[in-house]
Every structure is written in structure tokens, then in C-alpha cells.
């Protein structure tokens, strides 16, 4: 019978303490960072799968949110007898294909959470239709996905006339390949203790036009290094502008070492209503982990940086850095683990409740996180 | 063992584009119109059933809502040995018995969504206690349901002292019969390709008194044809008034044809505090579908109209029309289908995020919707 | 296989009518007081259990909330081979160990809901880490639990920098023993028709420092007998103060009789910024139930009182009382029951949507509640 339902859940309980310069305020509290419930399976056909994910994150009160709700149809396998996953269609609400950092499940992070840079350049979820596929038997195994969607970071936004989205769609594409070695199941950490080097590389593009009348989208982009919204420094005469974002990433696993680097570019251009030059921000995160005790205890370090002229409307470049170090203790791989990390911020350009980082944060951030799944 | 739990889900992903006259704004976006998760079953006794339905509609952000949560007890079968469904009791939050359009599940629509007229006269969900029953073996099989509840369109409202409901209950009743032929499972479309005509008819009543101190209920009714709230044009001296609504409906199925008509009346009267005459609005929706390819491809057309003197406090009649046409392609009946329709609006009298229709909308509405269930 | 998932649900549909003195307003409505869905089980190990509870209470609209989400690990059994429950660790969002009234499940109440006094001194849920245990084979069987958490009544609050919690933790402990007889499964009512007296006693402590910059916590405490927030009468110069709360309780069951008494103390002290003396409030609830028809029909009576000098900043004592009587009809024990009760209020010192009681309420409250579970 072609119906199947799987119930899963996982959570992250975090203690966050921060010591940041005024006027920003310190935190010392427990938080439920992710409280996920997942219903997935297939319906009617083995090639028609659904995925539903709820979240009860405590940094947005105790309301449950519908994080993901999408349908995938494996056209290649169902209609043409191709191998599974070769070519499919997806529709619903899900993570847009763009950065590797967002593509990663929160369960697979080595640190407690994503980096500042990957949050700055994030596209996150949206309502979308898209295509995806992979080729396993080519010289370099490749996966790809593309989507057309409502806009950058519009996943939790109200749609319809009561919402505030502009009427421009966004589009994105991501390609990912495995040029060297057998990558294994783990997305980041080298649980497999690779004897031979394994490598994953990716590249991606996302673009959209943002109009002032879609205030949700218009107020999302921020600038380096103040972390103010771009909308707040833009002349009122500007009605719309174009955003193009690029991402390049490479990850390695070798003998307990795991190294990941992702580089981002954001180009703001075609300002309607005022003479503003093209603005370019760029940044990266670089992360290094090593299993001191194989599969159990990992030491971590990370550097993330955002640099660009968006905060001065092109007059000069500004930059901000994040450096961190941590320890991860895996009781049952990524299904039960404890991570503790410390981060030094030098004026954060983001406003992220997930990261516990506010615009302009300068100082220290201490996070300890328990993760478990069922 | 007398416990049973069934898990179901279904969703509608819609693309909406609109082209309406100023000052209303155009839409072009993907929306998750319905993202439902249903837990149902029985507990303790085969005749004691529960129904729980969650929704994650994206036009109200990404919060999950508890749409339905009720208990039904089949008194007739359990206590008197009658046939199942003969006579029962229901309590909780659910769709109040009134219009046929609301009684229909969203899965069974032929068009993407309900008509403007059925939204204008809608009573929707509430917290209620009620009775229901049916008689299958009479000359004309009949179903009926009645309820006493908090008020019209109060299903999503806050209750308790923090909410804003008045202290008047509402009450309603609906009767439905099948005078000709064997209706079949499908609520609207003629999936059964009836050789002989099948007919369903219904009638209903709903009434309540609305007081100014219950601002949720007081601000719900709207007037034809501006779509303003009735509260906004009512003299401040009016403290309360009475609403009586009537509905009559008839549906046919024959050789792939499906025809549905529902007529509504709304009488506003007994205004306390100012001399306002009784106001009468009336309207209808009429829908015609035909399977060009049996069970697969259906062509659709619809006309809905609201007419009345509420918008002028009795001075004169005004009216507004909605006409639409569409195509429905059923992959697996109502469990997997794609609908595309176009609607011409002539000044809408409603504010509906479900329909993507705003007060005063004049122009075109294009909707394309994928529906699937598991 | 060490994975297990259990799905449960239960609900309370209540009719509330109140007749209170102006300026407070009367209610007459149906409410969904508790609409719970529970997913629980264990993962990886028999001693690692999870508990997830959702709520769709209609007095906060129709949004679903994540009420509980926690993990318990039975360290004693898993690591040291002790009997199950001897010693464990818990982390997540759950009810803090403090009053017996809060420790009780809402399913086990004899009246429709908790008393005014137990709401006044409530600590409720929070995000926490804690320890728990029991000793079954001592002369007096004992259970205990302790926790460190974000603050009093912070369970539904936003955390992170967008929230408004201060950076002081709270801590609490509760001890419970069974000095006489075999208590049985039911938490309050004497379903077991004890031939010999059974007794349960408990004591508890909770403490924290509350700072003005954590506005969520700062605005929670209320004063007797006006029910105003303590924050509203406190001089603006006060930046923080300390709260210590104590609770003592004793419950009896004997031949269909059930008697419960819990006494509370709240000491506010160490006011920073202004010379305010220590303030002491105290209060109790006392409840008596008797099964007129064993296991089926129970008559109930309750008295709850809050007394203290918080409302006058130490100048004089004020007090307020609640007296109530009711009838409980158990169809299937606490899994299906109907309760009706009437309460006389004499100026309520709380603001509780669960109880339908507002600050200053003087008058009558009539509640009738259906409860069922699956």
C-alpha cells in the first residue's frame, strides 16, 4: 500500500550567556532553540513524498510554527524509469537552494549554530515551486536544485493581501559535487574517519528585485558593519533595487579533520529613484574541526567575516569579524550531543534570535547546547 | 480495543495574481492556502469519536492554528440501538451548521475557493454544543444538525475576559435532503458520471444578537457593495442589533454535469439606540461544472452576487457581482488535483485572505492551485 | 528496539457565565480551556524519555502553543543499576517543581480549575535543567525534584534578545512523601474508596531575583487584594528585588472523602534603589470532596484565601477570599467527566484566563466543564 507516515522529532536546549558592550544588553538564560516535530512519508505513489515540519522555538514565544510543508515528485523515476532522485519537482514551503550553511540541517552543525556571515547572506525558506536532481554515476557525482519563490527570507511572512510582500518573485539555483573520495552520511564532521581525503564543493546563485511596497522584504537586508537595515539608510526616493547573491563552498574530511569554507557575494544594484552606485558586500565562514576522540569528542574553531560598502552607500568599505572556538561531545552522533562554544564578536551586522546576536554586538558570547532526537 | 487514531493531512499551494483598480494593490505570489493535519478516531466507545484539525495557512504567517477540536457521541446507536448516525451530540470547536458552502470541505471545491457571496454570508466555526442526526430509510434521506455557539465567525477569536466576544449566544440549524437519485461520495463534482439525475437540497437558519461591547463580533459583518464593516457606518448610538440569516441550496449531478446553487438572506433588525429600519441583503452563488474527460478534466463556471440595502442603512439597494471560469484536472480525484481559474470582480463586499479578495476589489483575479492529501 | 512513540490527547470544553460588579464585565460563553496533544516515548535507551505537549487553548486565540518539550534521563537506572526513578536528570520546558496545585495535571482537578490562591503563588513552567528522584522503600516513600530556570512564570515568554527576561536565574525544589497508607493512582479524588486513611504531604521552596529590565518577569507578580501588578505600585527607583516562596501541602483520602490543603508564603525583600520593608503575603486553598455515588458522583467544596501587605507596600494587611461548591460526574474516571461549580469571589488578586478571573472580580462565577481524553 503506497501510504507511509514517519514521525520524528528533535530539539536543542541552549544556555546562552553574553557579555557585550553597551547599549546592547547581556543575556543569561535557557532557550529552546529548535523544538521540531516532523511528519513525512509518501502518498499514492512511492515517488510522491511529503514533508511537514513544525517548530516551537522559544525565542518567538511558545507558538508552534509550520516551518516546512512540501511535496516532492520524482518525475524521472516515476515517468521515465530513471534511477531514484535523478529528476524531480517540488512545491510548497521549504529551504530555498542557495547557501551550503542553510542547506545543512541544524542537527549537523559542529558549532551551536550557523555563523554570522551565513546569516547575513541567508535566503532561508519561502513558498516555492522548484526542480531538483542528481547524477550519481558521472565522474563527479552532482546534485542540483533550483526554485522560483516569493522573495528572500519570506518563509515566516504573511502572504495574501494582509501581508507585505512585493509582487516580484525571486529565483535561485544551487549545484553541489563530490570531486574526491566518498563523502559519507555526515554533512560536516568526519564521523567516518576518512583514510582518504573526501571533498564536497558547491556554487549557488540567488536573485530578486525588492520593492518598497513589500515592506517585509524591504526591511530584511542589513548593512555592514552597523547591522542597521538597508532600508533605514536608503533615500526615501528609492522605490526598488535588485539583489544578486553568489555563494561558493568547499568542504573536506580527512582522518577526523573536517574543514568547511563558504564565500558569499551580495550585489545591490539598479536603484530606481535615486543615483546610487552598485554596492558590493562579501564575506565568508571558515570552520575547522578535529576529533580528539574519534566519533566522540571534537575540537572546533571558526572565523567568519563580512566586508563591504553597503553601510556607507558605496563611500567606503567596512568589515566585521566573528571568531569562535568550541568543543562537541557526541553521545550518539548527531542524535544526542552536547556542544559548548565561545565567540568573539566585533560589531555584528545581523539581528538573529537563532544565533542570539543583535545588531552591533561587540563582545563575548558563550553557548552550551544539548541536542537530542527521536 | 476501543481506541483508534488516524493521521491525515492535506494542503493547497496556490499561485495568485491579481490586477485590481487602485487604491487596492496587485498580488503575485505563492501561498500555502491550507496546510492541514488531522488526528481523528474514537476513544472508550465505538460511538465516541474525536476530531482534531490543525492548520498552518501562510496568509496568517507561519503560526499553527487549532482549527477543529470536537467530540461526537452517537447517542442513538450507543443508548438506543438505532442505526449509526441517527442521533448524536457534538461539543467543541467546529464548523457551525448553516451554509452548504461552508459545510463543504475545502478539498471538494471545484474552483480554487469559495465564492464571494458564500463568504459574505458565512458563519464559519465557533465553540459550540450541538445535536445532529440523519434518517436514511425515509422516502427522502435527510441529514440535520443544530448548534448553540458563541457567535458568528468567532472560531479563531480569543475567548475569556481577554477576548472581545459579547455575552449573547448564537444558534443555527441546517437540514439537507436527497430527493432524487443516489448522490454518491463526491460533494460537488460528478465523479460518478450519474446516468440518472441525482439531487441534493438544503435549507438553514442562523441567528444572534450582536452587541457593541463584543468588538470581535461587532466588527465582522460587512456591507454591500463597499465591503466596509457595518460597524463603521452604524451610528455610535447603536448598542446592539439582531441578525437573522437564511440559506437555501440545491445541487445536481448528471452525466458529468454538476450544478450548485445556494441563495442567502441576511436581515439586520431590532437596532437598540437609534431608529434604523430593518436591512435586508441577499445573494447567491451558482456554479456549473462539466467533465470534458470523465473523472479527469472538468470545465467550470460560476456567478455569485450580493445585493441589498445594508450599505446605505436602508436608503437604497446596491449590488456586486463575481463571475468566474476555470479548469480542474484531477490526478487522483480530490486527493491530488490542479485547478486554475479566473475571476472578474466588480467591487467585492468582503475581506478574505482565503479568497485573496479585499474590500472594494474591482478587476481580475487569477488563481492556480495544486492540492494533495495523505 | 529502543524507540517508542505514544500519542495522546485530551480537552476541556467549558461554559463560563459570570456576574461580577462593575467595572468588570460579565462573561457568557463556551471556551476550549485545554486542547492538548501529547507525543511521548523513549529514544535510544529505555531510560531516555521525551515528552512533547501542544495546547490550543481558545482563550489565547486559536494558535497552537508548545507547552512542554523535555527530555528525562534516568541516570540511576541506566548508570548504576538502581531501581527505575531513583535518580534522574531533566532538561527542557516543563512545570517547575513548586506548588502541589501546579504539579497536579489539569485532568485530575476535582473543580473545573485551580484555586485563586494557587494561581497567585504560581511559578508555572519555564526552561530549565533539573534533577529528580524517589525512594520507594524507605519508611515513608519520598519523591523530590529540583530545577534551575529562567524565572517565575516564564514558560510562554519569548527568550533571546527579542524577549524581556532578566539575566537572573530562579531555582526551586519540591519534596513529597506518603506517610500513611497506600495513596493510589488518582492525584486528588478518592476513586479507590480507601478503607484506611491515605495521606500525602509536601513542601517546596522557590526563589529568584527580579530586575526591572526583565519586564516579563517584573510585570508578573500581583498584589493583594486589588490584583494590580506589583510593578505598578513600586517606586520607579526600585531596580530589583528578591522573591522567596514556600509551600506546604497535605492531602487525605478515606472512604470516598478527599481533602486537600496547601499553604503558601511569598516574601518580597532586598529592594534595590528604595527603602521598602520586606513584604509578606500568604494564603491557602482547602478542598473537600465526597463521592455520593462511589467513583461516579462527587460533591465538592473549596475555600481559598490570600492575605498580606504587598498591596500597601507594608503599611497594612489586606485579604481576599474565594469560596466554591460543585458537583463532578465521572463517566470514565478522569478520562471522561463533567464538572459544574459555582464560586463566590471577593476581589480577586489575579488575572487568569484559565480561571476566567480578572483583577478585582467581585461576584459569582458559574462554570460547567466537559472533559475527555484519548
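By written order: A, B and C. Residues from 1 in each chain.
Simple rule for what comes next: contacts are C-beta pairs under 8 Å (C-beta built on N, C-alpha and C of every residue); 3 or more make two chains touch, one makes a residue touch a chain.
Because the structure is predicted, anything quoted here is derived from the model rather than measured.
**Student:** After a C-alpha superposition of subunit A on subunit B, what does the rotation angle come to, in degrees rounded to the nearest 5?
**Tutor:** 120
**Student:** So subunit A and subunit C: same face meeting same face, with over half the numbers shared, or different?
**Tutor:** Different, since most residue numbers here occur in only one copy.
**Student:** Find the geometric centre of each of subunit A and subunit C from their Cα atoms only, then give the gap between the two centres in Å, rounded to an integer.
**Tutor:** Distance between chain centres: 40 Å.
**Student:** Multi-chain contacts in subunit B: which residues touch at least two other chains?
**Tutor:** 63-64
**Student:** Under the stated contact criterion, what part of subunit B meets subunit A in this complex?
**Tutor:** Contacts found on subunit B: 7, 9, 11, 13, 16-17, 24-32, 35, 37, 56, 58-64, 332, 335-336, 353, 356-358, 370, 372-374.
**Student:** Applying the document's contact rule, which stretches of subunit C touch subunit A when the two form their complex?
**Tutor:** Residues in contact with subunit A: 3, 5, 39, 41-44, 48, 50, 52, 54, 63-67, 69, 71, 91-93, 126-129, 149-150, 155-163, 165, 167-169, 213.
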